[in-house]
Amino acid sequence: MPEYQTLLVEQTGNIAHIQINRPDKVNAMNKAFWEEIIQAFDWVDRTDSVRVVVVSGAGKHFSAGIDLQLLAQASSEMGKDIGRNAEIIRRNVLRLQTSFNVIDTCRKPVIAAIHGYCIGGAIDLISACDMRYSTPDAHFSIKEIDMGMAADVGTLQRLPHLIGDGMMRELAYTGRAFDGDEAARMGLVNRTFADHAELLSGVMAVAGEIASKSPLAIRGTKEMIRYSRDHSVEDGLNYIATWNAAMLQSEDLKLAMMAHMAKKTADFAD
Amino acid sequence: MPEYQTLLVEQTGNIAHIQINRPDKVNAMNKAFWEEIIQAFDWVDRTDSVRVVVVSGAGKHFSAGIDLQLLAQASSEMGKDIGRNAEIIRRNVLRLQTSFNVIDTCRKPVIAAIHGYCIGGAIDLISACDMRYSTPDAHFSIKEIDMGMAADVGTLQRLPHLIGDGMMRELAYTGRAFDGDEAARMGLVNRTFADHAELLSGVMAVAGEIASKSPLAIRGTKEMIRYSRDHSVEDGLNYIATWNAAMLQSEDLKLAMMAHMAKKTADFAD
Amino acid sequence: MPEYQTLLVEQTGNIAHIQINRPDKVNAMNKAFWEEIIQAFDWVDRTDSVRVVVVSGAGKHFSAGIDLQLLAQASSEMGKDIGRNAEIIRRNVLRLQTSFNVIDTCRKPVIAAIHGYCIGGAIDLISACDMRYSTPDAHFSIKEIDMGMAADVGTLQRLPHLIGDGMMRELAYTGRAFDGDEAARMGLVNRTFADHAELLSGVMAVAGEIASKSPLAIRGTKEMIRYSRDHSVEDGLNYIATWNAAMLQSEDLKLAMMAHMAKKTADFAD
Amino acid sequence: MPEYQTLLVEQTGNIAHIQINRPDKVNAMNKAFWEEIIQAFDWVDRTDSVRVVVVSGAGKHFSAGIDLQLLAQASSEMGKDIGRNAEIIRRNVLRLQTSFNVIDTCRKPVIAAIHGYCIGGAIDLISACDMRYSTPDAHFSIKEIDMGMAADVGTLQRLPHLIGDGMMRELAYTGRAFDGDEAARMGLVNRTFADHAELLSGVMAVAGEIASKSPLAIRGTKEMIRYSRDHSVEDGLNYIATWNAAMLQSEDLKLAMMAHMAKKTADFAD
Amino acid sequence: MPEYQTLLVEQTGNIAHIQINRPDKVNAMNKAFWEEIIQAFDWVDRTDSVRVVVVSGAGKHFSAGIDLQLLAQASSEMGKDIGRNAEIIRRNVLRLQTSFNVIDTCRKPVIAAIHGYCIGGAIDLISACDMRYSTPDAHFSIKEIDMGMAADVGTLQRLPHLIGDGMMRELAYTGRAFDGDEAARMGLVNRTFADHAELLSGVMAVAGEIASKSPLAIRGTKEMIRYSRDHSVEDGLNYIATWNAAMLQSEDLKLAMMAHMAKKTADFAD
Amino acid sequence: MPEYQTLLVEQTGNIAHIQINRPDKVNAMNKAFWEEIIQAFDWVDRTDSVRVVVVSGAGKHFSAGIDLQLLAQASSEMGKDIGRNAEIIRRNVLRLQTSFNVIDTCRKPVIAAIHGYCIGGAIDLISACDMRYSTPDAHFSIKEIDMGMAADVGTLQRLPHLIGDGMMRELAYTGRAFDGDEAARMGLVNRTFADHAELLSGVMAVAGEIASKSPLAIRGTKEMIRYSRDHSVEDGLNYIATWNAAMLQSEDLKLAMMAHMAKKTADFAD
């Protein structure tokens, strides 16, 4: 099991649990975090026994977003030429984006379990996950607007696919806080659980359910939904037909069919 | 009126009612069904007096999805070369997709009235319809995941346009059942009606309302909404301007205007 | 402050309030309106002190949509050749679309405050706004279908991004009326306010909140959300990185950061 | 071997030769032709032993394009309502397009061998083929402009991918004739052969070369080039990776490798 | 006939001739030019008797590109905040782009006749035209690279559709000069004429040929080729079918057909 | 300067020269090569003093393409399940593609200097470069078809942007060899140089010319041309306007302007 400064990674059965682990800093995302999240998901992606991932925050909160020291430091790297600074900034932003792209492109479903603060960069993070669940009193805010900037690590690109366009703009323009109940009503989280403990056990139950399915079928399903977000229905139909041309020759289909006939549960290879 | 083995087609006024008609097999979709649905919608599309279509299931259920015998049979057609098998599978999947594409591209609105089981392939089917209504106790499930495969007849491409991305993934990854009430809350069905009888009469009322409008205007509206799903707002605006360049020269506009002034109901040609 | 025949424009602080001002005609959109709305938003876009716009209707209603005299007049411009008429119609439709495109592309957020009738062309208008709020008894209808035509000024392109596809089609095919409460449930309006007075003060409060943020950051945020609607997540991420390459060199970021540390409110330049 | 009124189809080894066969009418494309071309390519696509197709014209010319009687007849089907006529025309055009789309989407390469007239609809046809070869004195013209219409069966969509945009517009706006030599210089034909006999034997040699390759690899190659025309490089790279996931498990790869090592020619299954 | 400071506009028959008219400044594009070109093409687009446009340079050259004074002036408009300056620059560039977009979107074909210098902004201009012809000794250069900037008025977007990607990059990276003969070989110009006089009479002959065709058909053809550049073949086919649904009901088709039968030249209305 | 097993990297002034360095194996691309090319371009991209890259082959040839041992080895990694093998293959192909994507996305122009064999994977490589130059007797072939497979490392996606579609298909279907002269005629190489020595000095001269320009402007130009390949003209225009919003505030513009006025050569910072 890999070890990190800012993440706590555990594996139980086929479920990996990644905790953001700077509880004394409200799990603010520092330089190490942005690197380690990439390493952690690289490990997830190549570890066959991991079939599904849960992301949560250690301590009282999910995360307060980007560590402001990182922003301060970034500005200290600037030189004299505005054009060359622009290039440095652009590449820095692209690099930060990579840290959440790995969640989006991870072949395995990633579920966010959110309690306490989920602010700024943390919204960018959960927008890149497959599903989100929270406590009723979780505290959300698209805080970037109050930093005098347009959010640039994924919120403005991915969140509009999760909530209605009108509410999206209200939240992004005003930065107003909203809780887990409202998040559930707007579709940002699938449902709320009464408290942190129930949240974790509830999310683990969903994760366990997913982990029991054919891993090939789950990965194909994630790829297709992700692809559909950015392509036409027609392109998507062609893609799944091409994908399944190989995948329907897998043993998993036969295993599932036999289990179905025998009214048993199929036991799929990793 | 055309006759089919697996479908029962009736026309009342300008409404065609297509029932999946294998009630003793929970309306499972066998080989004949996949062919006949194409023929039925071909008939719908070229029959001017049909202005709107209702699809429902005969007996106690909407449909249990693809007939598993079809899958078994498909695997018996396989040869020895993995590459050539892949090509056969790919083309088979594309052919199955065609059976629901005809619903999506049918020029006339198609409304699904759902009661009982609506499982697997049946979700693919209703995702291709214009609107969906159900009883509160209708039983839905994206069942393909339990067959060890990623759904490949349209659910993963069209359903994300109907329900939130987060719920979409939960349902597709877990295959968990949900009822008509939950379907209504997530926007999959527009509303529920108390029981099967009320469902059918309610849906027929909506269909009747649509059938009373200018057929040209209805077909243009469907085409535009369908086109908008896969194109930019700008492309969509240009398309409707080009489309209406001819259509606004139709008599229907004048008929509607005169009826409006006379506070009467316009009577449009097919 | 510019003056118009059909619009009443006022500026309070950094908020511009544009009222459709033909109350005796239920604010029907006549020839002058379609021109003046372009001029008004041109003024908004180049006036630095305007940071956010509220659009509402003078009198008892938001607007009854396009003035039917305009349609009648359009048909009087037709010549003898169907092809050349088609070209004239196509260009007229494109010109009408421009009148609401200026709302969509306005760099500053535009909020619709809706009471009374909001019908036909008025739905096209509010679909082009950033957010919508209404009274509970506001009366909405996609009325074009009853004029024997497919709506062609933006409703069929923009509304599907605001409400579910299934409800979208029901409303567009039937033209049935729905009120503010239903509009809120389907996500068309963000929330309702008890009556016209509360609506206006509520919307002004939201507008004021937005006006207090960094104008550069607000404009960047609007541009990104708008862009995301029509582009892939990947293209959107690249775009914000390029955009912020310059914008993160602005003083606003530093101002915001200092205000945050001092627990004060930043005061941004226009 | 299927028989047709307007086509002469022969198979030699793995090569199908389809001749347009109305030499006394300069191979003008009548109603039967537009149907039979679909049937012929359906036969090609499902006949495993056909690996490549050559299309040419019987008699002295390739084809003079659409039979003008067909246009006359189409106008006789028109009714009174401009809007309904528009819908009929639109669907007729879409149907004609299908007749050349089957060439474009045929899984097997299609080579046009052109001598004599190749005019109007014949340009649409050859634009949908994979490659084109001609005699030096072949006579080409985008003749639709002289019929008072914009070409609508594929020339304006596919030809810009074959020749430079500037020359494309000159030829489409003026309808001026050009010969095989000029066609070769602009890249419309790959090369010219001295006369009709040499053309046919030259094209058959190219076809024979293609027929000797792995049919799976040829079909994959065609699909990829076709797909690249309308998709981004990134989408194309992902598509071939998915496609080859199955295809690289074929025996053809091993056969080719062994033949390569043994310095022999591989003999691939159909 | 409109009069301009920087343009000389003449109409002969159905051909408008627009000359860039600052011969003592090598036709450098100053502030007035960028405005007037918009006005001139607005006039072209709404003047029915103009069916085709020729653009050339008065005096010894086509144009030396943007007037450097304009760049100097632009930098004097800059304020103190880098972010706000960025917004001003971005909008200035978008406004300059509009001046050549009007050529691209003009409904009527625009032909460039090039002699002498054609440098920097002049390449942007001719890239937006339909066709280009030149003298053999015309002198071309993508000069922006020597101004320390990436060309931003259209060259980098439109030129890759006209010449090969490899040559495109060589010319854009090095700014090296090339003459009319090389331009013809790479497809930038359709052909060269021996000298300025022959160039103008040759281009006028092409323009006259185009002006003799059905104006509706020409405009439809331009729209389709333009659309094909940025859309898939499938989208393009659907678009022409929708377009021609109205246009094939025009008299021009019948006129052309009758003229064809009578072996006469059709005389089309504007 | 980094050192590699399969590459020889030298820097002269601002030009990096990367030689494929397995001359005794005809520069076949083995496992190490595919990794090291990524490392080399990572070094190029982050080394400010490198402004342009030349890629060539050590010894008598450019490269014979992928090392067949690599293919053999890949097949030895296969397991028993066809579906899981498909996933392994798909990811392997995507990884190989990455090795040439780094050339395509490298911010700095990459020029291929080709002599001797340039076969199979080598065509994929040069297709990802900015420009290509060769000797007249260079020997090219899209050899993958003779390995029983569709090329999957970029040729089928990038080459159609470089040469005509008709020739593209002939070469990809037949795998026939062609020399540098023919490559120049079809636009694959920009020009030929008489022999290997002249080729290298000619290419170095072009590289030197590029290295003398503003590096910011060169990188912006490459990004724009690359972006235009996969986006609409309109998207491209918006992108350069956003890009230049920052870049036109660079000192390079002023330096270039002053140098231009003083008729000197500007000396730009890295």
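When the chains are written out, they are named A, B, C, D, E and F in that same order, and each has its own residue count from 1.
Just so it is clear, contacts are C-beta pairs under 8 Å (C-beta built on N, C-alpha and C of every residue); 3 or more make two chains touch, one makes a residue touch a chain.
In this text the structure is predicted, and so the values were computed from the model without any measurement.
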Would the interface of subunit A with subunit B count as same or different, where same needs over half of all numbers used to appear in both copies?
different
Report the inter-chain centroid distance for subunit C and subunit E in whole angstrom, where each centroid is the mean of the CA atoms.
35
If you average the CA atoms of subunit C and of subunit F, how many Å lie between those two points?
47
Between subunit D and subunit F, the Cα-mean centres are separated in Å by 33
Where in subunit A do residues touch two or more other chains at once?
82, 86-87, 161, 216, 229, 242-243, 245-250, 252
Assign the assembly's chain-to-chain touch graph to one of these shapes: line, ring, star, complete, other.
other
State which pairs of chains touch, listing all of them.
A-B, A-C, A-D, A-F, B-C, B-D, B-E, C-E, C-F, D-E, D-F, E-F
Under the stated contact criterion, what part of subunit F meets subunit A in this complex?
81-84, 86-87, 216, 219, 246-252, 269
Tell me, which parts of subunit C touch subunit F in their complex?
231, 235, 239, 242-243, 245-246, 249
Complex contact set, residues of subunit C against subunit B:
68, 71-72, 75, 78, 82, 85-87, 89-91, 93-94, 97, 101, 104, 144-152, 154, 156-158, 160-161, 164-170, 172-176, 229-230
Interface with subunit A, subunit C side, in the complex: residues 109, 130-132, 161-163, 187-190, 206, 209-210, 213-214, 216-218, 220-225, 228-229, 232-234, 236-238, 240-250, 252-257, 260, 266, 268
